[in-house]
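Chains here go by letter, A, B, C and D, matching the order in which they are written, and residues are numbered from 1 within each.
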Amino acid sequence: MEQAWLIPVFGFGAFAFLALFRKYLPGQGKHLAVLAIIAAFVAVWPVLFDMLDKGVGEHHFPRDWFSAGPLEVGWGIIVDPLTVAMLALITFVSVIVQVYSLGYMRHNGTDDSRIGWYFAVHSLFSASMLMLVLADNLLLLYVAWELVGLCSYLLIGFWFERRSAAEAAKKAFVTTRIGDVGLLIGVVLLIVEFGTVDIIEIMGSLGDPGVNQAVVTASAFLVFFGAMGKSAQFPLHVWLPDAMEGPTPVSALIHAATMVTAGVFLVARLFPLFDATDSAQMAIASIGLVTALMGAAMALVMTDLKRILAYSTMSHLGFMMLALGAGGYTAAIFHLLMHGIAKAMLFLSAGSIMHAAHEETDIRKMGGLRKRMPITSAAFTIGALALAGIPPLNAFWSKDEILLAVADGLNPVFVVLFLIAIVLSALYMGRAVLVVFFGKLKPENLDIHESPRIMAWPLALLAGLAVVTGFIALPIGYEGIGTFLVAPGDKPHAFEVVPIWLVASVVLALGGLALAYLLYGKEDTSRVDALRERFARAHDIVANRFYMDHAYQWTIDRVVLKVSGLLARFDRKVVNDVGVNGPGLGAVEAGRRLRYHVTGLFADYGLGIVVGVAVLGALLWFGV
Amino acid sequence: MTLLHFQLLSAAIFCIGLYGVLARRSAVLVLMSIELMLNAVNLQLVAFGAFSGFGTSTGQVIAVFVITIAAAEVGLALAIVMRLFRSRGGVNMDEIDVMRG
Amino acid sequence: MSFAERHVLEWLIYLPMLTAAVLVAIPAAWRTTARWVGIGSGALLMVGSAWVFIAFDYSAGAETFQLIKVYTWLESVGIDFRLGVDGIAAPMILLTGIVALTGSVIAANVDRDAKNYYILLFVLIAGVYGTFASIDLFFLFFFYELAIVPMFLLIAVWGSSSTFADFVRTKEYGALKLVLMIVAASVLVWIAIIAIYVWVDIGTFDILRLRDAVQDGGLSSGAQKTLFPLVMVGFGLLAGLWPFHTWSPDGHVAAPTSVSMLHAGVLMKLGAFGIIRVGMTLLPEGMEAWAVVLFILGTVNVVYGAISAMSQTDLKYVIGYSSVSHMGYVIMGIATLDSIGLTGATLQMFSHGIMTALFFAVVGAIYERAHTRDTLILNGLAAKMGWTTAFFVIAGLTSLGLPGLSGFIAEVLVFIGAFSSEVTLAGTFRAGPLLGALGILGAAITAVYILRLVARVFFGQRDPQWDALPDLTPREILASGALVIPLVLVGVWPAPFLDVIRPGVDAILGGLP
Amino acid sequence: MQVDFTLLIPEFMLAGLGVLVLVADFAVPWASRGAKNGVLAALTVLGLAVTFVVTLWMQWDTHEILYEHLIYVDRYALLFKALAMAIGAVIVLISMEYVHTRIRHVGEFYTLIVFAVLGASLMAGAAELLTAYIAIELLAFCLYVLVALSRGDSRSSEAAVKYILLGAISSAVMLFGIALIYGAIGETGFRRSELLLEAVFGPTVALGLAMFVAGLGFKLSMAPFHLWAPDVYEGAPTPVTALVSVLSKAAAFALTLRFLAEAGRATLEEWQLALAILAALTMTVGTFTALVQDNIKRLLAYSSVAQVGFVLIGIIALNESGARAALLHIAGYSFTNLAAFAVVIAVEAKTGKERIADYAGLASRSPFLAMVMASAMFSLAGLPIFAGFVTKFLLFTSAVEGGLFWLMVIAVVNSLVSLYYYLRIVREMYVGEPAETGRLRLPIAASIPVWFLFAGTVFVGVYPAPLMDAAGAAVGVLAPFL
């Protein structure tokens, strides 16, 4: 466990090697990257087992990095259940996605021209994500946090020739960066208040008498603001749908399993901070809920398959934040893991559909694909059902856990809204499956065939896992997930089933699916069109993403650019032309006036002497 | 006749000379006024020499020097005014303001 | 002290002057020899500077000023040619070495009488080395002015004019404005230096003895409070302090590549260094009283520079304003009067120096090829100019403070220093946290304008007219590469730099009341 | 009372040299103009060199007062004698080509230069008012005639008329001052009149002092009395302008410092502020009017007016460091101004132009001249490695030591503003496009002294210690500082 810091090193090494020498490596070194991530994945298991036998809990291995004045900054690691769980998820999904990318990035036989760079940034991304998870101090965590942001910028904007891709990448980076402003301020406040960067020390001494509670509350809100940016919570979610411009495996890795969950991980890592301030918890819960509902609503009306999945991710992240807000640490992390696997599989299957249907993503043009692409459609259906919360699939257990946490943690209003969200998520998942895979096969899709084996196999593997992993919640072999994933300072609680919520969630999920079948099952879309007319205005609002994007764009164009234009002109006109040239021109003007007095006439010069004598005599006479 | 009378007289002559320098247009007349001023100084010096109880004759010595140097100065000035006349065709001081500023 | 230790500092000043003298002797036609002499002595300077940095002993016992060398110069007035290096000056000398080497390499592609160009460039370098190394007030001012003298000719003769929609910036205007404003500021410093020398009245310009005299009350606090604004504005102007910064964009736009590399990279640090060396050491109470004003101005620098950089269309203007914004961090760091803040400021001086040098190297290369710096026309360069894009992106990422590169470590230290600084506004409201938060906001704005620039100029729509642009030549790649190494090094492993800076910072902050 | 005439040997040699040159001019009427010019110039320079060596060798450490306080022969006077002779020799060398083409009477030109040097050295040695007056007049007369010597240029005679008439007025005023002072205290010697002046300081003494200082002010081109300077500088032949700007100023400074240090010490509080105000006025008027000049000689006129303001600071501060700094600045200023005028003379001799615009592209036509001119400009502006920086620095330090902080601030600001027009010339030379191409060669005879001047400016700038020690020794002699 001591050498756990080696895990990210594989990725960094691969990145450095590929970034410099990719031109001279066979296949631009893509296999090397895959090998590196596999090595990382393999390395996780000994760490897990080592921790299991050394006792589940927090193992801290500090190592010093640099010191400035009284501040000691190290790059040590923390290995605790949360870390190990995340390590497993990240490495696993990265391996799957990288293997899948080998196939995805090969268009009719030839690799993408910059495949080497793609894999280099991929390994950098997974390495930074691993460092984020392992980091033992706030600064190192922020370092990893920013690196992850950079990699998402590079990967979204991978095909930078496309204007929309470059813009999307920039939008993603800037929006997350705005979130990071809050995070950095929060982190610096904590560092200054507690005089150290070490997370464990800070979390331990939150309650100390000398600590100024206002600072703790403020930093809690600011850190959460940072988490909102990265995990696409309302109002900083606008970048997630546009991030779909990047290659689909990227979306699978980053915008499903790993990066977006970083925000949730951050809140989990600093859980005592949020636990100590009730107002912060309430804020997290409410924002989580709002995000979930908005995400679900938007997913319902989107026509682009990848956008639907993006909004579904946003909605599920909302659920995780809601769980954390309710104090359900185990539930949130458990759902994070389950959702990670299911959503990665959904994205990959969407990718294989696009790969087969010449980059087509509009679901209205798809239909009846299950005949042509059996494996992909099976995998997609399993994933969709899992996320809808159908037992015995994996997401059902975690959604149930969240329901339990919300039920006893928050007031009933949250519970009701949460149930509505469950219905909605089942509804849009059902719609997606029905419209894409069932119904009649359209003539132009006739030539579609199943993706090559290198892409199909990962899908199958993920599908299997989606079914199996749910059971780790059950108390077989140990007293349930509750004893493994425990918030620091919290007591482990065994797995228990509250029948009333179990039944409620299953019934609602099935109800949602039935409603979906009703609306979208049949070929005739009359019922759906009728609904759309009645709620036309509501439909437009949701379709336009609640006009959030337009609002942000408007502020940028009108306010930010206008202000900076004004400022630049003010700088040139006032500060420069008046402030700087002014004195200069004034001096020259004074010179011109003085010169005017030198008339060239002898009489005036003589007068000069006389006046001079008079003045000097007066000065001396009156004894200045 | 006390020292004060002589001082007042020389001061008066000096001021007349000064006025002449500033008001006159022709260079030659300016030169005359300068002579006037120098003579006023001589008067002053001699008066101080006589009336003061110092007993030394420094005042007179300075006066003699002043007379000689003043003579040399006027000679020189007239020569230069001659050149001005030859090159400019006139000695009106108000016209010679080619150089200014 | 071994021979080298005793003489390295003075040779860092003699060598550039010697090179200039040798170049004067070389006939103008021998352009290649002039070029190789330039690059050769640049390399030697780099070795010397690195040696100074390594030789600096930062262990607890060592005294603050090392490698001291004294020649008596004017006995009667008490001026001696006194050189010494402390924790703050050592990294600056290393920075000068690096930028001098890369600058002289990039300067090789100046074709209009390269000989004179190199002569003036090396006089500039000698001036910079002198200012960093001298611990005698007179000679600090002597070299400070010496560094400005060649700027005028370098910009006026080899610079480039640029016409914009509603205003024209000729190179003469840029050169004259730059030199006049900096000399105007140095005049304020001149007054302060003479006042300190006369009022402390111990008949010497030696900073160490003056500091000790001031410590035991040699200079009344009233005098210190009135003199400090002179030093603040005097040196601050060269550091790009807010109301006096307008020379920086205009000067850099007009300057040739290697001159703006040296100028923005190193000369602007002279200003901040001056505030530390003269302001904090000799006028501690003045610093104490005026720290909050400096703090506010520094923050304004950051935010104002970032916002106005956003709407610039000329590539060099953006970098000019970004330098103003980044120097704002240095000023903030100094004004926090906190050991972390000051360490951050010194590190930021080092990292920003290298980063701006890289920025200007790349932009200069683009300008030499495309003969325009207008970002509205230039877009989609990434396709053809791989290396240029890579270097620009690295510099850009350092500027927006991406971890793993030196910008982040420096900026974070400045922010931590800001938040923990005791500087209060009129004794009541602790200015640190609010201004620190504004600073962090400034960093975010920096990210916006840098990425807008990168997205449009490099990764935007491929404009066919730029297809013919050749990428960087191997020599330029070598120079820019040499600049990237320190950026990454400080970013990943800043310990060696921070250990060297520590004794300098502790000594200076120890002096403050 | 026997008088040891050996002390006056330098003066006799100079007078003899003047006469010799005049006679040589008559003795060889048949020779061609060029040859005569060469011979006479060589004779003058040789004579001055010999006198220089003899003076230094003989009077290195003699301290004598002759004729009951008429003339000092001490190290202070020696420094200025040496400086005057050096200036005379350099001017003769750098203006041989100019004299050949543009001066009517070659013989008189060199004779008058020698007598001017004699006048200057007498001024440096003057110990009492009358000797001072006579020495001033001797120098003045030589300059009046020299200014009128230009061939075919009407401006020269206009300048000469103005110069002599205004000079006459100022000498009359000065005499009146001397008369008043003598009348009040019955004493003209500087050292002996110091306490007397303080004892009987009243309206008459004040007016007397004012008038005497006004006379000196005219010679120094101090602010209200400087109006003659621009016209004379522009009108006179350029070598004479150089002579006026360097020799007459140095001699006037020598006299002023001696007078104020020895006679004005006790009454310092009375006149210090008045003169300080005039010094400030001089600097400001000189600097600001120079901003808008377009004729190089007029610009250098106003620049030298401004420099006078700076030196006055050192003199008015009236402390040891101030006097030393003033001497240093005078020496530095002389080197620099001569270098600048050498270039102006060379350019005018070749192209006949004197507008600043005509200097466009000089760097491409003759890099050496441009470098010398640029270094002179940077030195006058007070930028490092050139003499101006060190000397100005020490001057302003002494001002603050003398309690004149406000004066130092004004001086420093003026020094900044002056940078604009110095840089304008440098910009014109290096950035402008030359009207016609073709190299501008400097004759060998002229380039040697110009090399010395350039080297001197840089040497004083980089290592002023030797010159500083000489100035220190000279100042040590002045009575009150002992």
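Heads up, the rule we're going with is that a contact is a pair of C-beta atoms (placed from the backbone, for glycine too) under 8 Å apart; a residue touches a chain by one contact, two chains touch by 3 or more.
Since we're looking at a predicted model, the values are computed, not measured.
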| item | value |
| --- | --- |
| Target chain B, source chain A, minimum contact steps | 1 |
| Winner on C-beta contact pairs when C-D is weighed against A-C | A-C |
| Remotest chain, chain D as reference, centres from CA atoms | A |
| Central subunit by CA centre of mass proxy | C |
| Whole-Å gap separating chain C and chain D, where each centre is the average of the chain's CA atoms | 43 |
| Chain centre separation in whole Å, for chain C relative to chain A (CA means) | 37 |
| Chain centre separation (chain A, chain D; CA means) in Å | 79 |
| Distance from chain D to chain B - Cα centre to Cα centre, in angstrom | 26 |
| Residues of chain B engaged with two or more neighbouring chains | 18, 21, 30, 93, 96, 98-101 |
| Contacts with 2+ other chains: residues of chain C | 180 |
| Residues of chain A touching at least two other chains | 584, 595, 598, 600, 602, 606 |
| Set of all touching chain pairs, with the criterion as stated earlier | A-B, A-C, A-D, B-D, C-D |
| Complex interface listing, chain A residues touching chain B | 595-596, 598-603, 606-607, 610 |
| Touching residues (chain side chain D, partner chain C) in the complex | 321, 324, 378, 383-385, 389-390, 393-394, 396-397, 400-401, 405, 408-409, 412-413, 415-416, 419-420, 423, 426-427, 430-431, 463-465, 468, 472 |
| Interface residues, chain A side, partner chain D - complex | 584, 587-588, 590-592, 594-595, 598, 600, 602, 604-606, 608-609, 611-613, 615-617, 619-621, 623-624 |
| Residue ranges of chain C in contact with chain A within the complex | 167, 177, 180-181, 243, 245-247, 250, 304, 307-312, 338-340, 342-344, 380, 382-383, 397, 400, 402-404, 408-409, 412-413, 415-417, 419-420, 433, 436-437, 440-441, 443-444, 447-448, 451-452, 455, 459-462, 493-495, 498, 501-502, 505 |
| In the complex, chain B residues that touch chain A | 18, 21-23, 30, 93-94, 96-101 |
